[in-house]
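Lettered A, B, C, D and E in written order, each chain numbered from 1.
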Amino acid sequence: MDYLLTILVDGVVYASWLFIVALGLTLVFGVLRILNIAHGSFYALGAYAAASAVALSNGLGLPPALSLLAMLIASIAVAIAVAPFLERVVLRLFYGRDEVLILLVTYAVFLMLEDITKLIWGVTPYYVFEPRGLFGNVEVGSLFYVGYDLMLIVLAVVCGLAVWFGLNRTIIGKVVLAVIHNREISAAMGVNVARVYVLAFFIGVLLAALAGAYTAPLISVQPGISVSVIILSFAVVIIGGLGSIPGAAIGALIVGIARAAAVYELPEAEIFIVYLVMATVLVFRPEGLFQRAQVRKI
Amino acid sequence: QSEDTYKIGVVTFLSGQAAESFGVPAWNGGKVLIEKLNAGEGPAPYDKKGFGGLTIEPVVIDEAGGATKQVQEFRNLVQRENVDAVVGYVSSGDCLAIAPVADELKALTVLYDCGTPRVFEDGEYEYAFRTAAHATMDNVALARYMKEKGMDVETIGGINQDYAWGHDSWRDFTASMKQLYPESEVVAELFPAFGAGQYGTEISAIMRENPDVIHSSNWGGDLQALILQAMPRGMFQRSQVALSAGDHVMPPLGENMPQDVVIGARGAYGYMAPDTPLNQWWQKIYMDEYDVIPVQAPYRMAQAILGLKLAVEKAMEENGGQKPTKEQVAAALKGSSWESPAGQIEMALGNGHQAIQPTAIGRTMKNDEGKVVIGDIVRFNARCVNPPEGKKSIEWIESGFEGAQCD
Amino acid sequence: MNASPARAPRSAPSPAVPVLEARNLNKSFGAVSAAADISIEFATGSKVSLIGANGAGKTTFVNMVTGYLKPDSGAILLDGVDVTKKKPRAMTHLGVCRSFQIPQLCEPMTSVENMLVSFGASGRRFSLFRPCGSEGSEDEARAMLDRFGLTQYADRVVAELPGGVRKLLDIAMAMVRKPKVLLLDEPTSGVSAEEKFPLMDTVMAALAHEDVTVLFVEHDLDIVTRYSDRIVAFYAGKIIADDRPDEVLSDDAVQKYVTGGAR
Amino acid sequence: MLLQLNDVEVMIGSVQALRGFSMTVDASEMTALAGRNGAGKTTVMRSIMGLVKTTGGSLSFDGEDLAKVPVHHRARLGIGYMPEDRALVPELTVAENILLPSWVTPTIDGPKRLKQVWEIMPELYGMKDRRALQLSGGQQKMVALGRALTVGTRLLLLDEPFEGVAPALAQRLADVIAELRKEKLAVILSQSELNHAFSLFDSEWIIERGSNAASREAAE
Amino acid sequence: MHGKTLKTLLGGAVLMAVLLLAGFAAPQWLLFTATKAIGYGIVALGIVVLMRGGVVSFGQGMVYCAGAYAAGLIAANWGLTDALVLLTIGGVTGIVIGAVVGPLIARYRGIFFAMLTVALSMVLYGVLVKMNQIGGSDGFNVPEPTFFGWPPDRDSADLALYCTAIVVAGVTAMLCRVYFDSMAGLMSRAVRENELRVEYLGTSVHRTMVLNFVVAAGFGGVGGALNGMALGHVDPLFSFWTTSGEFVFVAILAGPYSVAAVFVASIILELVRSFSNLYFPETWQLVLGAFLLAVILFLPEGIGSLWAKGRIIAPRTPRDDVTRSRAAEDRSTGGSRVATATRAARPTAKEPQA
């Protein structure tokens, strides 16, 4: 029982981290039809910005609890700095092109951001361990968990609900749906399409940066952290069904728990358990767990 | 090829995971050392300008991108850029791929950092050399340190990266422990993916087993992340952690580095370097430039360049003061021995192509100023922790370190 | 590779067995019933039009007969043989072809290329090595376009063609295989008035001398009366009338729900 | 003069779709835009909506140069458009599709308009909660018309609204459109039939290969 | 044999001869770079085959790696080092994998196809990393190849392999051209544009997809074997997703029209990467990324569109000159009048007219 509990806790903590990253990815795909490799770079930017922001807030002698706020502000700053420029100046040039072509465009952006990040922050790692102490330790079974890690679960739930609600229960969300489906006619019906695009991309970048920012206290922030999250979050999004938020949540949970179980029971499989899960899901549900409704063709 | 310069291709990680921990510091070290050597400011016997009067002209290449790309870049360096020698390679995979190509192209190549013993144990090369000891030494020394310090070890666990480095290190470590602690038992072995970044599950899994010793050969960001994530969960209190290559994370971690961790540097580097005039000079020029203590990677770069320097100068002498050919330099480097900031390097293995060197292991602790440093150091001489010529590492360990010369 | 003949083998026409028969077809989408217990027979060579209100289930019927949709229950028989579970490809091989309400074309290709695809798929010109468009197949494709009055659009990319032309092309592609049952889903919608009748003339002429059964879904009553010898009227998934044109068009229910008593 | 098109030229790719087409529409005028397939009817409507770039000529609406009005502001001017290919949002329900313009244009009273649409096309009410992606061709046409009606308070552009619509319904829609004239609403309705049975038009413009046909006879 | 086919073969043969002769004059480093680029090109050609059928594999690294490992293992362990034999082994390995995986994967499209292929290649990567008997993550070295029993000396080894590469590339390229021009090739494009129609015309979409996948896998295997020999070393990174990404990039850079463009694109990529790595060692990714963006922006149909036609057959009407400039303008209007009718996500004017 204790054993299963630890697997569950480990899996869910991992899943929440994955989910926050995947959420932005699935949103941007859902709205802009862009499978964004540069999402990993935004994650890294968020982490770096958070590291700098926390350092600043500590340097100013602010109470440690404010570092949580500093991290949020850092993510917003990243989104403001990056999203409008990228969407309006770069991505816009490629709308209407093949999905795969745009995938490569984001790959190019990813490559460039890698070096740009390095030019700004250098290769020396940054640490922001302070926020991690804020929530103390929690004893689960025979083990200690860091309270901060468990707080990530809360953050993931909040982000997920907020985005889901925004997209499905608000009028803005429905307008976004209209733009996704037909840009031209939406404009003819009075929708300011450009604004919808910028907004969606902004939120996508914000979520990536947020994931990076709140992961920063767990890791050493340094070059290379962008690469590892990309494929993993891609897998999650594919498992869940592209563009589906509940899908991303369940995908993240499946991957997280499967991975945790593998670490305990079958360590050899850890490296490809994610892909195994993905392949299995796709065999039974070729479009992922939550497939998008298909438009009637004939 | 110019007659008064000596052009070396330097290949090391400038981007990706290994840039911060190895590639960039190594090249920083290389840069400042070459600058001093070109200015003729080195201490004897390294006081000739450049390489015997030839100005050293480095060309740097990023090592990121995998072995395939490196073979290609290597060829470009040799065939297009016409370098006189290539000094490089952190990744074992790259070294394994490059060595045969070096021979094929007759290109003098000094592997300065990579760890796998397989390069010269499985192959035999004329033009490729490795001026640093291979990784077997690190783990043998780690085990010997624990024995020497009289630690009680019944159960062992390990978290290592899931690629050849991690697997080889774990194999050498457990084999050595088997020899020194025949009663000990492995209770957990975990191999998280390279660059995984998140170790929560692994930490839970290993802590559940509560081993006496937890071994890790992780490096760079992976090691830092492991430490940062494990520390608040009490892993360093519950078990004795032993890090085979961990010294390089100490400067960046600073006070966050846990104490009482058994730690190696893959040689007597940085905090554990011998107190020789050469080392003092080296640490000074490095710290003047970068304001941080040089850790393992710059040391290994330095020992490669210094060894190459002496070999070029010796070959030059034999060549009547003319710039020597690659063959002449290779002949001079083969089986040679020179003093490095980390002690005496001897090209004793692999038919004179593979170095052995003394090493040291210590424990992290706070010094008087409250900084975390390495203390409680035990030094091992080169022949105590390296296999003898002609014997494969793992066989040597399993034979009970046959022929080891420890004082 | 594909050696199947251009024309599906044809069983001897026997007046007793209808070429196509549907028995108790049911199909619903959630709460919507698109086919409710539909049973109907079509005799070889008959020209039947299907009319009905929007959403009455005409397209759904065509989709089921051509294997695109599986009926919830009921059976479809071709020459007396059960073909209920066959996929569209198999139905095509059995000689059942169709055109679409929304033309299904290869958009970035030209009209000739689309025709070539059609010829290629019908098996005669399929080869891994022979260049397409060689040895007369291109001439054949152009001849077919000519028959539908599409010559001037032959080398234009389909995506640029006006709606009516696309419709024609769609029908032309369906006819390459010389089917024995041809289903046309709203063949003349979007086609301009002057071209409607020539279009139907072309189709009917192409089929006249063969025992081809034609079912077409239509809203245009001029077309319906002129080209069919029988009308089936649908409403809410059911057949509400099935008879000679004048009979059906004077039916009260049909007038109420479908034609609006225009005539 | 509500709408005026002067020598409008449009290139689509290398095809000149409109070659100096002109037309005028008065407030509450019922206008037919007729021409055979490919004549350029759709292109005229799209250029009024700003969905194609004009390469020459001018368009003005209520005295305002349309070239200066961004696409999404045309809805505010009260121009409603029903595209030929329906273009509904498949994931939204019928009601939501019809309401869409009212969400982004504050001047439109959504619920009121919706009620009006239900009155005009009661069969739509029965499927108001079904998602648009499942509707049949003709049903989608009705929804698209309903959507255009919510926006179009001054001008309605209906691109072949009767195509694929069963005669009974078409008849009724025609009556409805005729009714709209009373609300001071101008309508442009394109059709490929040059001699349609409806006698509801005040004027008829005939387009032939992208330009005005001299007369009705010339078009035939 | 038909005239068009003959023309393809003749043209190919002449080009091959020229390139073979050029090899004797080229500097050594270029020979090697060219050989490796050709290896990449052959794999990317497989992606072009898939692309014409409407899918893109982001996991060609799997067959590339499998081909390289199969050839490498046989060369290293059985001493069978003849280049032609090894290439055949690579190709057969690819085909076998393609034939097994193809039918399973042929039902997926778009991003799902791409991601599933990534998953498969990553599983192979994961397995190879664990196979310590064959070197684990470090891989192993492949002995130098021989040519019909002739072991070339050091100086002619590069040239010999280059010539082999040219011949292999030439043959695959010509086969590809003939396939693209054939009725089967046309069908493959039709599948990409409208599967529903193709099924209704009586042709199996599934079969076309599988055929394309097997062809692509075969090419992948040959490319892998070739590069294994050229590099003298293989490792699991051959199957890593970034490797596959490079193949896709080459394919996109080349565009779907010209077979020769694939090899040109491959060479260009190698050179850009190599020189930016040399001159901007710290910021080469920035340079490469900017280059990628520029190419996609200014040559959206790939460099092949600079000289190859998008049309399958030449129009007969003399409107050729009019249609020539259409592609560019279509893009500027961004108009997709019909795209919504069939597939909303696709641009209308995907194929240029010139």
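The definition used in the following text is that a residue touches a chain if its C-beta (ideal position, glycine included) is under 8 Å from a C-beta of that chain, and two chains touch if they have at least 3 such contacts.
These are the chains along with the protein names UniProt gives them: C = Branched-chain amino acid transport ATP-binding protein LivG; D = Branched-chain amino acid transport ATP-binding protein LivF.
Note that this is a predicted model, so its numbers are computed, not measured.
**Student:** In terms of touching chains, how many steps apart are chain B and chain C, taking the shortest path?
**Tutor:** Between chain B and chain C, the shortest chain-hopping route counts 2.
**Student:** What is the chain whose Cα centroid lies farthest from the Cα centroid of chain D?
**Tutor:** Following the centroid criterion, the farthest chain would be B.
**Student:** Hey, how far is the Cα centre of chain D from the one of chain E, in Å?
**Tutor:** 48
**Student:** With centres defined as the mean C-alpha position, give me the chain A-chain D separation in Å.
**Tutor:** 43
**Student:** Distance from the CA centroid of chain B to that of chain D, rounded to the nearest Å?
**Tutor:** For chain B versus chain D, the centre distance works out to 75 Å.
**Student:** Could you tell me the distance, in whole angstrom, between the mean C-alpha positions of chain C and chain E?
**Tutor:** So the centre of chain C lies 41 Å away from the centre of chain E.
**Student:** Out of chain C, which residues touch more than one other chain, so two or more?
**Tutor:** Where chain C meets two or more other chains at a single residue, that happens at 59, 101-102, 104.
**Student:** Which residues belonging to chain A are in contact with no fewer than two other chains?
**Tutor:** 114-115, 118, 181-182, 184-185, 268, 271, 295, 297-298
**Student:** Could you tell me which residues belong to chain D and also touch two or more other chains?
**Tutor:** Those would be 12-13, 15, 42, 51, 87, 134-135.
**Student:** Which part of chain E faces chain C closely enough to touch in the complex?
**Tutor:** Residues 2, 4-5, 178-179, 181-187, 189-190, 193-194, 196-204, 311-313, 315-317, 319, 323, 326, 337-339, 341-342, 346, 348-351, 353.
**Student:** Which stretch or stretches of chain A touch chain E in the complex?
**Tutor:** On the chain A side, the touching residues are 33, 35, 90, 93-101, 103-105, 107-112, 114-116, 118-119, 181-182, 184-185, 231, 234-235, 238, 242, 268, 271-272, 275-276, 278-279, 282-283, 286-288, 295, 297-298.
**Student:** Over in the complex, which chain E residues touch chain B? Could you list them?
**Tutor:** Residues of chain E touching chain B: 27-30, 32-33, 36, 129-130, 132, 135-141, 144, 154, 157, 227, 231-233, 235, 237-238, 240, 242-243, 270, 273-274, 277-278, 281-282, 284-285.
**Student:** Show which residues of chain A lie in contact with chain B when the two form their complex.
**Tutor:** Residues in contact with chain B: 3, 6, 9-11, 13-14, 17, 114-115, 118, 123-125, 127, 129, 132-133, 137, 142-146, 149, 217-220, 222-225, 227-229, 259-260, 263-264, 267-268, 270-271.
**Student:** Using the touch definition up top, name the residues of chain A that touch chain D in the complex.
**Tutor:** For this pair, the touching residues of chain A are 171, 174-175, 177-178, 181-182, 184-193, 292-296.
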